[in-house]
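Presented sequentially are two complexes of chain A, the first with chain B as partner and the second with chain C.
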Partner chain A sequence: MIKRFFDWLKKPLGLIAVGITFLALFSLAAYGISLSQQPPAQPVQFPHKIHIAFGIQCLYCHPGAAKGPAAGIPAEAKCWGCHNQIVKTQTSILLKPLKDSVISGTPLQWVPVAQVPDFVQFNHRAHIAAGQNCENCHGDMSKMTVAENPQIFNMGFCLKCHTKVAGENHDLLVKLTDCGTCHY
Partner chain B sequence: MSDKLSRRDFLKLAGVGAATTAILTGCGPASRLVKREPYLQMPEYTYNGLSTYYATTCRECAAGCGLIVRTSQGRALKTEGSANNPLNLGKTCARGQATLQGLYNPNRVRGPIKHTRGERLYDTAADPFNDEFADAKSNMDWAAATQTVADALKNNKPEEIAFLMGMAPDHLFDLVADLANATGIQAPVRFGALSMFESRATLSKASENLFGQSGLPLFDVGGAQVVFSFGANFLETWLSPVSYTRGFAGLREAQTKLRGKLVQFESRMSSTAGKADEWMPLRPGTEAMVALAIGKLACEIRGIPMPRAFSDVDPLDAASKSGIKLEMLNHLAEMFANSTGALAIPGGAALGQSNGLAVAEAVLALNAVVDNFGKPGGVFFSALAPNQTEYQRPASAKEMAEFVQKMIDGKIKVLFVHGVNPLFELPTSLQFGGATKYVPQIISFATFPDETALEADYIFPDHHGLESWGYQRVATGSVGSVLSGAQPVVSPFYDTRATADVLIAAAQLAGGKFAAALPFKDEVEFLFSKVTPLISEVDGFFSAPDINTFMAYFQQYGGWWKTTDGRSVPNSADALNRSLSGAEAEFAGEGEFFFVPFVSPTLAEAGANKPWLQELPDPTTTVMWNTWVEMNPVTAEELGLEDDDLVAITSEAGVLEVPVYRYPAIRPDTIAIPFGQGHTAYGRYAEKRGVNPTDLIGQNFNEAGDLAFAGMKVKIKKIGKKKPLSRLESIMGVYGVGLGEEK
Partner chain C sequence: MAIELKVSEVKMGEAYVGKWGMVIDQDMCTGCQACVAACAMENNISFVGETDSGYGRSMHWIRIERFWEGSYPEVKMTPNQPMLCQQCGAATCEPVCPAFATVHSQAEQLNLQVYNRCVGTRYCANNCPYQVRSFNWRDYKRPEPLSNQLNPDVTVRRRGVMEKCTFCIQRIHKAQDKAKSEGREVVDGEFTTACAQACPASAITFGRVDNPDSLVSQLARVHGHGVKHLEELGTLPNVTYFKGG
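Showing the complex of A and B:
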């Protein structure tokens, strides 16, 4: 039976079927990749650009970036510290999830945007300490509502910057391109 | 391969399938399934993804070891010993590691409960992860609970109110003692099974008889060259095992000195005997005689005029009665007398006999032969804790029997129980269970639904140790004076409340002299008041100008301790000038076997509800999750018994059915059962598992009032059934098992 199937695949109709299957899988994969690069749906349409326009620094809400591996999502108490003094918080439909969350005591469920696989040990602190700015990787947040990925966080992206930063400094290049720097 | 599908086709199909799977799954945004919940209110000093470490004190036993607990996002994840604490210097035992499983135990009492005596609190068959089936639903609020305690204090005569407390924590004991002093209620009684099996009262009484001062002796194992331990199982459970284990490491250290030697005298090989150079399986009851004989021979070797202490003993007689040959006694005496640092330790089962006090005196007197008092590798009195003026020992078993009699006589109308589980820890023969019905009101502060809590009218659960404030005085084991401090490392998980807070609030409600006795806002304020006098002490590990700064350091380092040597030197001037008795112990009950109950180093009185500890193999037998009786293979063969055969063990106090473990490292005339299992309550992991050997122990005491737990004789009867024990070691090849040679 299996032989008959393979024989059929070699006939014109079979070849067309193989082509269609391949195209279907390819487009499905392409769609999947493009999907993974779109900003996911968030519980609140958080307008980064408005907050930045008010002059709030990144590290005010994400202080973990300067202190440890994860930048962190601000505690709702921090949001509420300003928002409970803003009249619009009580009326705006966009801010209702925040208000509900604070009143009911249930945390908002944010969906991570900028991610690296589990086998990468990424640490924000080293990058901030080396003088890198948030927008170098996360893009210009003053133009975004919810966070989006300006690029794919893959190894090529990391290494491109690591080699550029090292420049002619061979010792630094070795350090920054060593496997063990990120994979340990 | 089948006829229809060739190997080659199979591989092709598998390849196509794998490629399709890879394409379809590899591109999916699977990580998007993750949701991130930020804190509603971020705790101070917390950063996402970074652990926060807190110093606190272990409350699994009363030793008072310091812990460093790693917490992340408000959850305690790992406990390790605190390197700062001078008692344990960064180490813990298995029970300290497993304290987390008490914190997360599914069978905790979750809120205040009005309870019908004997009623079960939870369904053991329930799913531990489903709160719908969780145990111990609270049926009252804390306001009502506090009012209940206040009424109990107010509506009874003070002398009819009693507190029965565990060995830890000390701050609560101090609070209740203050309350008792000011109001005339009965002074709190402290008890713990560990102290019962350690025979602390005997050690203290023997010190008083020999040195004219009661106290808990401290044995500097680390500085000694030759250690003779008579029954003291100091590597497993005795007094302060973590500290003594470090001492043992010092004894064995051979870089800067000669490797020290350990000789263990006991009828059953414990881990300590297993680590010893020589194990002397002497006949139970002859320890005093052997110690005196060694003393006599050692005096002869050293050319000391024979003191009165050793003059009555006949080494030949001691050799024949104990089963240790005279040549061996001579060899041991030489070893002891010629060493530059000899040390003799009395403890454990050797003291838990009718002549326990004589054993303790005889062994302590051995130290006088080499006069090691106050010298490195010698005997000291333990340093008193910073806020302590004299050694307070827990109640002996005899004092507990008197307490039970008070209950039966109706002299106790309200009984508060905290930190101890007398229904499990006291031998059944002491009748605590029967005496509860004479007490009109019992209020338990148990964190877990233990046997005693199930006999209470109310359960007002205290926090778990990792959620609690407090301090613990280090009774022994450290060079300096140590007060280990405890602080909450996580917020309380359930609707529990610190017992100190409940008592303070209830005293305020009760008003009058009760309110005046505890004029505090809460537990922390009380703690501050107890710690404040330490600010003016000069030789502390840290000092601070004011109480707030002091408490900040106290929390940071997990306590306060002195940097000076706080041990005192026993006055040994008259130690050898009195006649010591070498008479053999008397054994209660009829039977051909000596019965030695010993404390399981992992389970003991409160470890059985932690699966890690249940799963941890016993160090000598590797048995897990159960109770066994250790029996010499020779005896087993005579009785026609093999491993896992159930036997009925009968003493004058009761009968137990236990499976046999053939253990070559026990005397043929002795059997041993570990203490730790046999719970009838205490959560799903603990109950209906094994038996409790205290059921076999009768009401026999030694002269110091400690329980003569190892002073029983028992009968053994084969039942003809088997109960397989789970054990880590393979039994294949042992006693011919699996080789077709089984009998």
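Showing the complex of A and C:
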């Protein structure tokens, strides 16, 4: 039975079947990988580049980055502070979710994009205080609409910068490459 | 970067001073277990339940040990003994880990457990003379309202991972971060561990042992007869016990 099957595989029809199977598996894998590389769907297609073009600083909407561990995603009240004075807000279909959210009082369910695993404890404040700019990790937002990651936040990415910043300072290197600095 | 082995640096019998340390006054301890509860709350420790506890799989980073003296008619209880990770300077758990998951923090002088490196051989727990490490035998459930009390500053451990007392390293980092943002050093007594904070009898004191002016150093001097458990093994523990003072 199995021998007959292998014999059939060597015939033209069998070879075509093998080829189609491989192609299907390959395209499925490629599709899966491409899915994991796309930024997640957001309730509003928030255009970062337009807001930055108006001269709004990162810390205006994400003030937590300078004060504590989490940068935070602004509440609708903050969006509404500017947007209720803009006529386009009332008419635009793209901004309808924001208008609905403010009227009904239900918060927008933003999807976090830049994330680290649970076993990593990240603190924005220390990085901002050390003179790092947002774009060093998050990329140039003036070219992005919906936030996306310019790189994967893995340990190599963190340590590359940590060792570079420490340089010849041995005490700082010990502190910045200590496991307990990020993992606890 | 080359790995430098610094085994020869710490010698037995040599005066060793760590960084963070604790003094526990056993005469003050009432055995109320408030520290045990506070530790579980602070550090997201799972509740293993009755069945697994029966198998000796209970998970606590601190426990109250009770001992008895004498034979039956004249049985006397010795003072309660809170037992937690002694944060040894030369820890026996560290060299046996095949995955380098239990490493010594050079910056904070603590024994760390890196959960994402741990592969669960449990060798460290077998080699710990204080028996203070606990292993996640299962993914223990937290029924709905309980998940709301998880501490976001501490990793939620999964099944197959060893865990242990960290001297509340998340509080250490928080205090250091706050001090740095205000441009000063961490003040003694500014923060403390969850167990020390919860202790109603103030039996547990936490602080810098390398600072002679800190409360822990002063208490150690005043009592003068502190005991470090199993010191003869050369583990250089950072927790000092007082009894019969």
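Points to keep in mind about this one:
One rule holds in what follows: the second predicted complex is superposed on the first by the 147 of 184 C-alpha atoms of A that agree within 3 Å, B and C clash if a C-alpha of one lies under 4 Å from a C-alpha of the other, contacts with A are read in each partner's own complex, and residues count from 1 in each chain.
In this text, a residue touches a chain if its C-beta (ideal position, glycine included) is under 8 Å from a C-beta of that chain, and two chains touch if they have at least 3 such contacts.
No experiment lies behind these values; they were computed from the predicted model shown.
In the superposition on chain A, contact is made by A:174 with chain C only, not with chain B. Once chain A of one complex is fitted onto chain A of the other, the partner contacts of A:23 are absent, as it touches neither chain B nor chain C.
Once the two complexes are laid over each other on the shared chain, residue contacts for A:56 go to neither chain B nor chain C. When the two complexes are overlaid, the chain among chain B and chain C that reaches more residues of chain A is B. Once chain A of one complex is fitted onto chain A of the other, the partner contacts of A:183 are limited to chain C, with no touch recorded for chain B. Residue contacts after overlaying the shared chain place A:119 against chain C, while chain B stays out of touching range.
In the overlay built on the shared chain, the residue A:82 is in contact with neither chain B nor chain C.
Shared-chain residue A:94: touches no atom of chain B or chain C.
Legend: residue contacts after superposition of the two complexes on their common chain; A:15 is shown touching neither chain B nor chain C. Residues common to the contacts of chain A with chain B and with chain C across the two structures: none. Within the complex, the chain C residues that touch chain A are 1, 103, 105-108, 110, 112, 114-116, 153-156, 166, 169-170, 173, 177, 180-181. Within the complex formed with chain A, the chain B residues making contact are 4-6, 9, 12-13, 20, 23-24, 26-29, 31-32, 34-42, 47-50.
Interface residues of chain A facing chain C in the complex, by the touch rule stated above, are 117-119, 121, 123, 125-126, 129, 163, 174-175, 177-181, 183-184.
Residues of chain A that touch chain B in their complex: 1-3, 6, 25, 28-29, 31-33, 35-36, 40, 63-64, 67-78, 101-102, 105, 107-112, 115.
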